[in-house]
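Take a look at the following structure, please.
By letter and in written order, the chains are A, B, C and D; residue numbering begins at 1 in each of them.
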């Protein structure tokens, strides 16, 4: 019995040394909704980030061999939960950078904590304008503000498709209200007009009252801002109710999951989004294949996957430029980032806002075809 | 802080009505039909709850999860065993009824034995069950929303200018049939009488030889089955995901109170009433305040007709 | 006739079509023991519930010590000094006997938030008073050794005694006892009657509802007889026992009370 | 005198808790403790209604939200300091509690439960949709941090002591009330309402008083939360927070003074320390809740007595 004891302590000792010698990993904290109605899209962002991390670590990591380690927490997209998750990542896991929160309200809450704890934080999904107008030094965002995207879309609708009157349907949360404000302002700017607007509760199932109203108004086009889940139901019910007008959706309407859920109701729908897999550049093609291989149940990546992927590479670029992996140097590195990612060249302005590309696509036979793209401007 | 903030959303809709004349009536009628359809589904979920909450006095927070499991299990069956929707519908209802039976046997029965106040402890245990079911199904089924392949074509069924999805009609038909069946079984059959006796006074009922444990487990299972039916019927219409139940629970409680505790017909009419009111409010007032209507109606009913719109006023 | 201690004037209670109490009027003088008797379902308990405000009067008025208590809520009537016990015994189940009695003394306790928080002398004084009062009632009702027992663990007889003790703690001027000896063996009912006589000596006026005829005849100064909600007779025990209408009413109804 | 011994325990408890931040270094655990104190205020109030009056109010988070928004708006829009925002939020929540309590307390048991849910729904929707007042779903940011004469309560340790003092105050207040005739009236109403009425206790007034105290404490908790997290949004009113309150009171020990605070301590730390279980975290939490209710109906606070009595029986 004694001999066994001696051998096991020996192995234990060996393992302990082994651990110590490997280069100390660079910990990046992720806070995304992994439960609740938007868990599906939250998981896509995390998948993109995992794929990027594995690729970087396979190529030997950063700063002479230090691997990136992702510490992932479920923020549920709720401010209270995301704040507690952030506290854990900052104080217990001692991460050097934060990426997160998906919903703008959660990002707004964690932004204040990150600033107080002097840790660099980047959002790749939250699009509420307020996030980069608060003068936060430690906050960066690699996704366009709502109205930057809508500006491109509105110009396309009015000039290319000659649309004047539009109806808006979106969720009753900060993303939906920011979208409504953006569309109202941008349509006016380009000579169009938003004739009716309805805000539904997220996760709702019955959209018929809103669609009936839109059908009665019969605008030139119908704008629907929603996640994959709500969007599939809205457009399915719109088809069932025979709404013929031009339909414009938000990013998720170009995702493969949306095509599966909405089936023939997804035909002809335009989308406005910061990234789409049919934008043929070598990086995109490589990413799409790698993502589909790594996550077979998910298949073709959507804009959330690309956002997570680009986010990690932006952090990697910042760390390499800064030469060190502590919080303060990464913050300095972020201001020097210039990275040709999936969403075009990523560079942060003084307020931490980047200007990725904006694509307009139309679904034809279940494939989102790129109709045009432009760099987003303030 | 202008006081008008409350009413500004209503103005554009009201102006709209005056302008359009005849077309308005078609739209109004379409909105009412929309309300009736969704009201039918609310009714089925509430009917299940009215047995558990209304008769057994258990505040069943896990009711939404029985609804969700009904949909999920039906989806699983169509994907694996046999893709005929109707078989999946029947199979998933039975499976969820078994789950309901086990929940009652393992938890509710033991609680009842300890004689603790069932109203409150029942609420807590069912909250535990709801958290457990929600997150376990998140683990098993993943967060990917599921869509049960609909046995009918998506072409809407036309009644004059009004459009109604075929799957809706089937769901509405099954809803009415199931509720009438449940109502008949409670009013006419021996087991139904035993149920009503037990919930009037369980001590006296056991005195006259009613096996109240069997009655309790049958009631709970029936309630779970009704909720599962709603879930399985809605699978092809609305997408099913692990948290689908959460949104449904509060609505079901509102309807049970509106219809009168333990009153089946009340649950049906309450469901239709809430469906139509919500559909009209979101069409003509504003979508944001749609849910407010449900809460306000319940408060009014509690004040003026505590036994529910359709219940008999109980003697003090 | 000087203003009566307590007077019920034409009390009427209707449930839908049924008239449970029909223009019942009677008076009670200070220090009397009055019994309210009648066959089952004659409206005795309904009259009780109306006097103590648990059921609303359809018509009529209640006057006590010159004040009109008609339509008042139960707790207001209790604060005026009319305290009752219940037909089905009511106690505070999860509470010790001694604590129950202190709960009964809510009326005389110091309820001012400020006084309690600042531990004012008046508050401490009143609390001491209530403790002493509770001790007295414990010895008076013979529940002394059961002081720390939970009310739910008491025997049926002891619970009836506790009910009277709690009512006593509320400093009643008029005590309404709803079938105090119902379900008791002769020995227990005799001691309860002794207790009620002792209460009268302490100046408490008592209105009884009781079925046990020899108890009623033995203890009551005056008796009011009800039948189908109407008063059919009133007077001393002697007069009432010979009254033809009373005998006739009783031949029809059973004498036993329902536990 | 019995009261003496519990006083000593009370003082020991405060001293231990006062020294705690010196012992535990990690900011994260202190953050959790601050949340524990904020939840304690919520839970002590809720326990008054649920544990002592015996009525289940499922809309308690609405008053927490009212406290948050009142304090945030007062300090931001009127520029008043935190020390005015806190009492103001407490009073406003208490007032809402009074208005709603007067209506909801006309009913008992499950009708009261549903009425409180309805008022919660109405308040939640108003906060979500009255954009001009509450900024709607976007929420309100950079809420000022409390300060005394220039000294900012910026670190977590400051907030730890600030909230600890108020929790101790709330416990003292409820202990005083519950050992007074008012407390006895609460118990009387819970144990047997008709009997309580028959000895002069107005169940309606007593329950309303308990409701007002509970909602005021919830408002106070809301004010602390707003100024601690410096950002609030309609999501603070989620039903999941109501479920946590319910779990803390029941499994902590309803109807006792310290039970709910013990429940708050355990059930704020538990989900955090269950994070290692990653995906299994919430299913396990659900199971713990079920087990707790079935095997410990009287709550964890009664565990020592339970073990002691069982141990005594064995001997």
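Here is the rule we go by: contacts are C-beta pairs under 8 Å (C-beta built on N, C-alpha and C of every residue); 3 or more make two chains touch, one makes a residue touch a chain.
The model shown is predicted, which means the values in this text are computed figures rather than measured ones.
A comparison of C-alpha centroids places D closest to the centre of the full protein. With centres computed as the average of Cα coordinates, no chain lies farther from chain D than C.
Once the centre of each chain is set as its mean CA position, chain C and chain D turn out to be 41 Å apart. Spacing of chain B relative to chain C, judged by their CA centroids, is 49 angstrom. Computed centre separation for the pair chain A/chain D is 36 angstrom, with centres defined by C-alpha atoms.
Residues of chain C in contact with at least two other chains: none.
For chain D, residues touching at least two other chains, in rising order: 128-129, 131, 282.
Residue positions 35, 172 of chain A are each in touch with at least two other chains. Against chain B, the residues of chain A that register as touching in their complex are 34-37, 39-40, 42-43, 172, 196, 198-201, 203-206, 208-210, 212-213, 215-217, 228-229, 232-233, 236-237, 239-242, 257, 260-261, 263-265, 297. On the side of chain B, the complex with chain D involves touching residues 1-2, 5-6, 53, 57, 59, 107, 110-111, 114, 116, 119-121, 123-125, 127-136, 138-139, 246, 250, 253-254, 257, 261, 288-289, 291-292, 294-296, 298-299, 302-303, 306.
Across the complex, chain D is touched by residues 35, 73, 78-80, 83-84, 87-88, 90-92, 104-105, 108-109, 112-113, 116, 128, 130, 134, 172-174, 176-178 of chain A.
Contact residues on chain D toward chain A in their complex (touch as defined above): 26-28, 31-32, 35, 128-129, 131, 136-139, 141-142, 154, 229-233, 235-236, 238, 241, 272, 275, 282. Within the complex, the chain D residues that touch chain B are 50, 56, 103, 106-107, 109-111, 113-115, 117-119, 121-122, 125, 128-133, 239, 243, 246-247, 250, 279-283, 285-290, 293-294, 297.
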